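There are two complexes below, and they share chain A, which is joined by chain B in the first and by chain C in the second.
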Partner chain A sequence: MTQTRHRVRVSAVARLGPSIREIHLEPLEGDHLPAFSPGSHVVMELPLGEHVLRNAYSLTSSPFERSRYAIAVRRQPDSRGGSRWIHDELVPGRQLRIEAPNNYFPIRAPADGAPLLLIAGGIGITPFMSLLRARRPDSGPMSLHYAFRDRVDTAYLAELKRLLGSDLHTYESTAGERLDPASLLAAQHLGTQVAVCGPAAMIEAVRAKAAALGWPEQRVLYERFSAPAGGTPFRVRLQRSGRSIAVSSEETLLEALERAQVPVRSLCRAGVCGECRTDLLGGEAEHQDLFLSDQEKTAQCAVMPCVSRACAGGELLLDL
Partner chain B sequence: MSRIFYSKPSYSPVSPQPHSRHHLIIADASGAARAAKLQAACAGPNTVLLIAPADARLPEAELREPRELADRLSALIAQLPAGTSCYLFGRESFIWPAAIRLQDLGTARSQIHVERCGPMVRDVLCIHCKTRMHDVTDTLVCCDGCDLLLWNYDHFSRRHGAYMGFQVNAEQADDTPVAEALSS
Partner chain C sequence: MLQLNPVQTFRDDFTYRNSPSAIQRFPFPFPQDEYRYSVNIEPHNGGPAGSVYEHWFDIDEHYLSEIRERAIVLKQDPARCQVRPHMRLAAWDTLEMLMEHFSQDYPEHFTLIRQGNDWMWINRPLEIEQRFRFGDDDSLPLAPFEYITRQAQGDWAMLDQRDGDLFMDGGIITGPADWSLDFDLGMSFKEWHGPVPLAHELGVFDRALKYLCNIQVDRPARRLNWTISINPLMDQSPENYHAWGASRATITPDNVARKVHLRVELQGLHRLPRSHALLFPIRTYLISLQDLVSQPGWGKRLRRVLMTLPPELVDYKGLTRYIGTIIDWLEPWDRDD
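Right after this comes the complex of A and B.
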C-alpha cells in the first residue's frame, strides 16, 4: 500500500531545548493538510545525500489546525542521519514530501467522562501534544505523568504546565525523581484508560504492572518511541527472485529492500501496523516488532522488515 | 432458523478472576444464590450490589432499587480500582443492560462476566408498537399494547435486555402455530 504523498514547505523551525526542534510544515498546494486524530504520525522523506530516509514522526499540532503540521525531533547521538539532518540542515523554506497521516496510537477515553492517564518518557511526549493542544474545557479528566532526564532539555514543559496545571506531574531523573508505574496504576479507578509512550523499558514496566494489577489489556495503549535503529550488517536472500542483498549497519531491512527496488508494502515503519509482514523461509530474525505473536516469533516463520534484522552473523531467506 | 439472525447469548458458569484487585458482584433476586456462591469463592475485597429485597445468603450486600442502579454504578466506578472484575447474575433483562451501563462508564467488556439465572423467561419487545412484555415464558405472546400475536424470536438486544417479538400470523389470521414453553 502506498500512502498519498503531500508536498510541504518548512514554515518555521523552533528551538524547544538544546537538542529538540519543532518543525512546522505548511502545504505547498491548497490551504489544508489532511485531517488526523490525536496520536497520528506522518512519514517524512529526508533527502540524505544519494538516498532518501523515510522516518515516522508524531504530529504535535492540534488536529483542529489544518493549515500546518508540527513535529518535534530530538537529536539522536546514534542517529542514522535523520535527526542530525533535521537539526543541522533543515531551514525554513525547504520543501519536503510527507505521506498522509496514519494513527496506530489513537489516544482517547473509553467513555464520556472516563479518566485518561497519560505517561510519557522523554521525547515520547510528542504523540500526546496533538491531544493536549486540542483539549477543551469540557473534555474528561486527564493527567499527564512526564518523566525526563533534565528539565533544561525537555520539550513543551512550560506549555504543558499552562495546558494542564495541576494535572501535570513531572519526574526529573537527574534530580533523583522517579516515576513509579506500580503506585501510579494502583491509584487509578475502574474505567481509566492509560496511554504510554516512551522507551521500551518504560512501556514494558507499565504493561507488566497493569497486568499484575488486573487491568484489562485494552485499557493500556502504548507506543514505543525509538528511531528505527541500524545494527550489525547482514545479508538477505530472496527466494523468488534469487537475489542477495546486503543490509548495512546504517539501514533497516525494509530500507535495503526499497533501495534494491524490491516491492514491499509498508506503512508505519515502526513494527506496529503489520503491513510489511514478510514470510521468513530461512535464518533466524532478531524480532523487534510489536505485531507478530510470540508463537510466530519463536517459530521464525515471518519477519517485519521495518524494524527487525538477522540474528548476529546470520542471514535471512525471505519469500520475495 | 437461520444462524444469520441468531443473537441469543450463550452462557457458561462464571468464576472469580485471578489478579483482580476487587470483585464487584451485582445480582437481582434470581441471581442472589449464584452471587453468594461466587462471593464465597472470591479471595480479596469485594462489593455486592443486590437489586432485590434483603437475602440471608448475602448479609453484607448493599440493597438498591432498580431505578437506582445506573447512578449507583457511576458512583462505584469512580471509587473502585482499575483492576476490578464485575460479575452480573440474574435475568437477561437485568444483567445485559447493567453490563452495557458498566461499559458506557468505561469498563472494558473483558472485565464484565455475566450469567443468566432464574426461570426460563424473556422480556419481549413488540416491534410493531414498542410495548415491552416482562417475563414471557412461551414461544408466542399476545402483545399488551397492540394485541397482535407475537413470535418470541431468538433475536436479542443486549442494550434493551429483550428479545424481538413480531407478528406470527400476519399473512393468514387463522394460521396460528401452537405456543410452546421456552426451552433455552
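Right after this comes the complex of A and C.
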C-alpha cells in the first residue's frame, strides 16, 4: 500500500545561514495539511532529472499550524543531489508532492513530570523545532543542548534563544566549546527523558553513557539525522525473477530496486518501521537497521533494503 | 444509503435482530478449519463496498440501538467512561477523526462544517446540531471524547504511547467481553493482556507491541477477535456479571440455536495525529447460531474451530459448560456430501 500523497506549493524559501534553507510548503488542495505530532517527518519527492529522489525531512513548523509546513535543509557536499537541488533549483511557486507525515521519533515530555533533555548536533536540531515552537508555559521542564560548528551557519539560534531563554545551552566547536555527553548525563535528575538527534557518534556517546549510568533504555530516544545513504557499490540477485541489479555508491538498495521497478513496500526509509523487510537467501549483509533483532542480524536471514547493504565486495541474494 | 433500524434492545427482552444483509456482511473470523493463534494484525485500508471493512469506522443498521444501550449503561455506571487528564489532546484528536470520517463516509447522516476553529457538527439520526470551538472543552456539552463516542457504535479506548510501551489511559467501555476499564485504566500493554493464556509464551505480545508502536497516521491496522455469548448481551463486563455469568448454565439442545451468539470484535488501531496516542475502537458484532448457519460453510467451519480449540482457551472464553451442545447442534452442517 502506498502512503497518501499531498500536493504542495513552495510558498517561501528562507535563508537560515549560508548553507541552510528553510522551505515553507502550503497545500494546493484545501486549506490545511494533515495534523502531526512533534518529531514527525515527511517524505518529499524531488524530481532530479530522469529519476525521482524520495527524501525524508523533519517538520520544523508548529503542529498547531495547519496551513503550512516548514522543513530545513542543509547543503550536503556529498549528497545524492537532493540538498543541492533544493538549494539551487527550488524557488517559491514550485509544486511538489509529499507523503503524509510519519513519526518514528515521538518526542514528548514524560507523563510523570520528569524533565526532558534535548540534545542536538548541527542540522539534527530540525526534529526538535516542532516541539519547541509549540511549547507552552505548562509544557513541563525541558532544556536543549545544541552543538554546532560555527554560529554563523547554524539554524534557528536566535529563535531558540527567544523560545528557551536560559534553558538553551550552545556549544560552538570552532570556538573550542565541546558538548560532553558523559558529564551532561551524569548531572541529570533521575527519570529524565533524553532525546538526541545528530551524528552517529553523538548518539552512540549518549546511549553508552546512559547505559553506563543504568538509565532505562526507553528513556533514551534517538534519531540519526539522516539515513545512511550510499556506501560501497554491490550487486543483488533476485531469486524469483532471476534478475541481477547493481546498487551504486550513490543510492540505497531500496532505491536501486525501485529504479529497476521491483516492488518493495516501504514507509520510513530509515530502517525503523519494518515495512521493507525482505528475506535474505544468500550473502552477508551490513544491516544498519534498528528493526531486526540481534539474532536475526547474526542469522543473516533478512535485510531492510532502505538501509542494508552487502558487506564489502559481497553480493546479496534476495527472495524477490 | 444506509438504513438504520428502529431501536432494539440488548437486554431484558433482547429484541436485537440481524437483517439478511447484516448477516451477509457479518465479519466471520475464521480463515481456516482449525484454531490457530497468530498475530492477525493487518492494514485497515478499506475493503469491498458494503463490507464492515469498507470504511475506517463501520456504522450499520444497529446504530440507534447501540447508542441507546450505551446511554443506559453510562447512566447506571458513569465510570465506564474515563479519560486521564494528560489525554486531553488525544481526546480532541479522536473527536476530529470521528467527525471527519463519519461525515465523509456517511454524508446522508452526518455533516461537519469547519471555519478555522469554529466547527458545526450535524448528526441527523440523533437530531444533533452543535456549534463549538475546536480545542475548547467548554464549548461542548460534554468533554470531547465522551461527546463524540456517545454518538458512535462500539467501545473506544485511547492508548498513550511512551517509553516504548502503550498505556490504557482513557476509554468508553460499555459493551466489553469480560474486561473492565475501571480496572485496566493506566495499565501497560502487557499488564492489561495479563489474563490471556498461551500468547505470552509465544512472544506474540512483544511482536505486536513493536508493530503497534510504529503505526503511523493514516495507516491504521485492524484485527478480529471472537468469543461466544449467551443472548445478544452487549454489556458483558465484570461489573455486570450477575446478568450474564449464570446464563451459561441455561443452554439446551432446544434453545442453543437462538440463544448462543458468535460475538466478533473488529478492533482498529489508529494513530492520532497531534498526540501520537493510538485510538483503539472495538466494534462488536453479534450473530445467533441459527442466522450463522444460513451462510454457506460457516456452520461447518465454526464447528471445526471449536473442536480444535485448546482447553485453556475453552476455559478462558467461558465455554466449558456448553461447547459440547454447540458442537452437537452444528453436526448436520459438518457432513461430507
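The rule we apply is simple: the second predicted complex is superposed on the first by the 316 of 320 C-alpha atoms of A that agree within 3 Å, B and C clash if a C-alpha of one lies under 4 Å from a C-alpha of the other, contacts with A are read in each partner's own complex, and residues count from 1 in each chain.
The definition used in the following text is that a residue touches a chain if its C-beta (ideal position, glycine included) is under 8 Å from a C-beta of that chain, and two chains touch if they have at least 3 such contacts.
Predicted model, so just to flag it, every value in this text is computed and none were measured.
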{"item": "Which of chain B and chain C A:Trp215 touches, first, second, both or neither", "value": "first"}
{"item": "First, second, both or neither for A:Gly30, with chain B first and chain C second", "value": "neither"}
{"item": "Contacts of A:Gln188 with chain B and chain C, given as first, second, both or neither", "value": "first"}
{"item": "First (chain B), second (chain C), both or neither touched by A:Pro18", "value": "neither"}
{"item": "Touched partner set for A:Ala114, first chain B, second chain C, both or neither", "value": "first"}
{"item": "Chain B versus chain C as contact partner of A:Gly93, first or second or both or neither", "value": "neither"}
{"item": "Which superposed partner A:Tyr104 touches (first chain B, second chain C, both, neither)", "value": "second"}
{"item": "Partner chain in contact with A:Thr4 - chain B first, chain C second, else both or neither", "value": "second"}
{"item": "Footprint overlap on chain A, where chain B in one structure and chain C in the other make contact", "value": "110-111, 216-219"}
{"item": "Touching residues (chain side chain A, partner chain B) in the complex", "value": "109-111, 113-115, 185-186, 188-193, 210-219"}
{"item": "Residue numbers on chain A that touch chain C, as the complex places them", "value": "1, 3-4, 34-37, 63, 100-104, 106, 108, 110-111, 216-219, 267, 272-274"}
{"item": "Chain A contact footprint on chain B (complex, rising order)", "value": "17, 19-21, 76-85, 103-108, 110-111"}
{"item": "For the chain C and chain A complex, residues of the former touching the latter", "value": "43, 45, 86, 93, 96, 160-165, 210-211, 214, 216-219, 271, 273-276"}
